[in-house]
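Please read through the structure below; I'll follow up with questions.
Labels A, B, C and D are assigned to the chains in the order they are written; within every chain, residues are numbered from 1.
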């Protein structure tokens, strides 16, 4: 390989470009888009790819996020593979449509550039937008870097279109920290992706001139529960399918993300911090440095927040002999459910309700506030203290300007 | 007249028989609407000039114009009376359900 | 021009649960006759969705879907893009929505699909309020009409709806839409001809068809067509179309029938006093002056 | 890990330089790199930052850059309002686009300061005062983080064809100003 060719194989691109290239490789047939910071460069790049003839796709711009998802759904009903992307206020504006799509079981893939929600206004990243859509019936995957963003788009289509799942997927990419950060990303070859993700074969849940059907119809209380149960079962099924897809992806592309979760140095960990998205990389560095100091630190990265990996999380608590090695666990939430905990903490705490070790919730990184390595180190220190019986508050705001 | 027929809808008996997504096949009618009717339109075939006014205005589309005489599908007629009201020849009369038709 | 005999016998909307004498049902049935089976249909939450599609009932015998209330236009765009991607030819992408779903919550989405120039047909059956949910006012509700959210006040003298009907036709003309029209179920041939034009034209087409509602307006179910005619004859509704960048008024009454003939047949206007009628008369005359000056060079 | 901070004004291409460096390292020199701007609305003329991280092993850190090995100032006027020395490591280096001499910046208290009249190079070759590629070339020369060849390839990979040749000339010219004994 010449130097020039080598340089093309190893691309240095932004997280948003990685998403756009990932989408391009999946050959969507229809994209409806509406721009919003920090998602905008995704749809700019896709429109450019279409304009340059590098992506054969019906691409069009609509008048709002609500319409973006409605139009995407309209196309999905014709049996097309579709894509759209949004962020923050846009995601919330789409809220009705998210439920519409998941309830109607269309396998749409969407990228959400995680950004906080107003008010106060702010364009920077946290998870308050997608966490607010936790119960929209979409699967949610949070990625750590540009490479995982690209790879997760490809995996997302494979997952959503699995006929036992038939549920939309939201790929959550931290605003700016990932979307606007350039990193080394290996862009797979088209033929490799084609082999991994064949042409989409829809279920009967489509508009078909030869077989007229009514879609998205009303269902009375007599039958609604059964349709909801199906959605529930599909998510449960997805818990089995996600790791299998990740394994298959590993075989095809040589990259593996652990399926639902990545347990980093958790095998013998005494102090485990749980996180989602871009912060997990920084957490791993801190855990490494603590390990050098003799502290058994581990990182639990939750990739899929919905479906929530209850069993997978429970499995890291004990060693092979069944002994609980964890002394304290902390959860970093880049969101907060006012009046209760951070949302991820609530779920982790519920998953681990049978274990008595202390649990702490760190609310951090709100509205783009940086989570420094020192912050994370301090979180581990607090876990050590609390495991030794020190009294502390369960929910702690990291980096608050004054003492609580 | 070409219209969907009443058929028996077979409800899913188990989880596996449920459709993926809330969709349903078109072209099957699951029940009839005859119970809605208080007044029944009676067509006087002698007076009818087949002008099609009733056919065009019927909200239900229950008037069949394809045969020798116009026929009304009483399974789906709700007895609104538009046909009787609009008929230029007064060929349709509305009669209370249950009363003898002459 | 459409010949009644040549209209297909096939009923593509049948067995629905609309109230007896429903104007929306008349309009939808006639639309389906002209559009035919090669269509993908979207209808938002509205009377028509409620009376046609509740599991396992499906009274439209074409591929169809219930659209989100606010987004019929956007769904139509998506469907059109989808059939383009799939290479499906000779198909009409059709929307049927009520006045609330069109003039109120759906207007952004309607404006979007028309602005994009997508090849779709959008029918708004106008029964002048949110009928499906029990008669609440919409921006299409006429002046003086009582609805459950614009009641007439006995002591206050409130007259019901205090604003005049929103003019969707002008809004669509301002979009330089490929084709748009107003129509009435009381003039079915005129209406069906317009639907045929909407179907044939390339690009977006919009028709607002007046569909009297016996339940919400308060008149006997057999008078739907009669009421529809009176609306046109009194000049309170006009039949127009816009094509090739020109507006045509299809019926220009030489003299208007007295508005009382129309209004006093309906429960929703029964409370109006002479001074209220005078306001409506004045509004009508003003509207027609505008129409005549602008479109008829009169 | 080497961390670099770029100071410029919106529209001057400071972040492009940060990105070109990362690209040269990651795509050509088999290193790992990260480049990101000071996030926010893009306002022409407003002071902005760009950052580059380069390492031999994969970079997992997604927190901000607080300490720098190199600070590059594209616009001298920024020195009046911004403390460009903030977070500079004890042996960190400061590179300034200026017509002045090193000693004129002694009061900044940075152990190693480099100056270059990048504006002059840009005006000479590009006929526009766009200094980012000159500063890129200069940084490559004083740091040796990436090779000149890598730097030139990053330009050919990311710039419009008509801009490539001239910007490569700019990079070379700035580079050789710091490489003793070499000539164009």
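Simple rule for what comes next: contacts are C-beta pairs under 8 Å (C-beta built on N, C-alpha and C of every residue); 3 or more make two chains touch, one makes a residue touch a chain.
All of these numbers come straight from a predicted model, not from anything done at the bench.
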Chain centres from averaged Cα atoms put subunit A and subunit C apart, in whole Å, by 44
How big is the gap, in whole Å, between where the Cα atoms of subunit B centre and where those of subunit C centre?
24
Subunit C to subunit D: how many Å between their CA centres?
64
For the pair subunit B and subunit D, the C-alpha centroid-to-centroid distance in angstrom is 80
Each of the following residues of subunit A touches two or more other chains, namely 212-219
Residues within subunit B bordering two or more other chains:
22, 24-27
Pairwise touch network: line, ring, star, complete, or other:
other
Let me know each pair of chains that touch one another.
A-B, A-C, A-D, B-C
List of subunit C residues in touch with subunit B within their complex
4-5, 7-11, 13-23, 25-26, 29-30, 53, 55-64, 185, 188, 214, 220-226
Show which residues of subunit D lie in contact with subunit A when the two form their complex.
19, 22-23, 26-28, 30, 32-37, 39-41, 58-64, 66, 149, 153, 157
Interface with subunit C, subunit B side, in the complex: residues 1-4, 6, 9, 11, 22, 24-33, 36, 52, 56-61, 64-66, 76, 78-82, 84-86, 94
Listed in rising order, subunit B residues that touch subunit A in their complex are 12, 15, 18-27
If we count contacts the way the header does, which residues on subunit C are in touch with subunit A in the complex?
37-38, 40, 42, 49-50, 52-55, 58, 60-68, 70-71, 73-86, 88, 91, 108-109, 111-112, 115-116
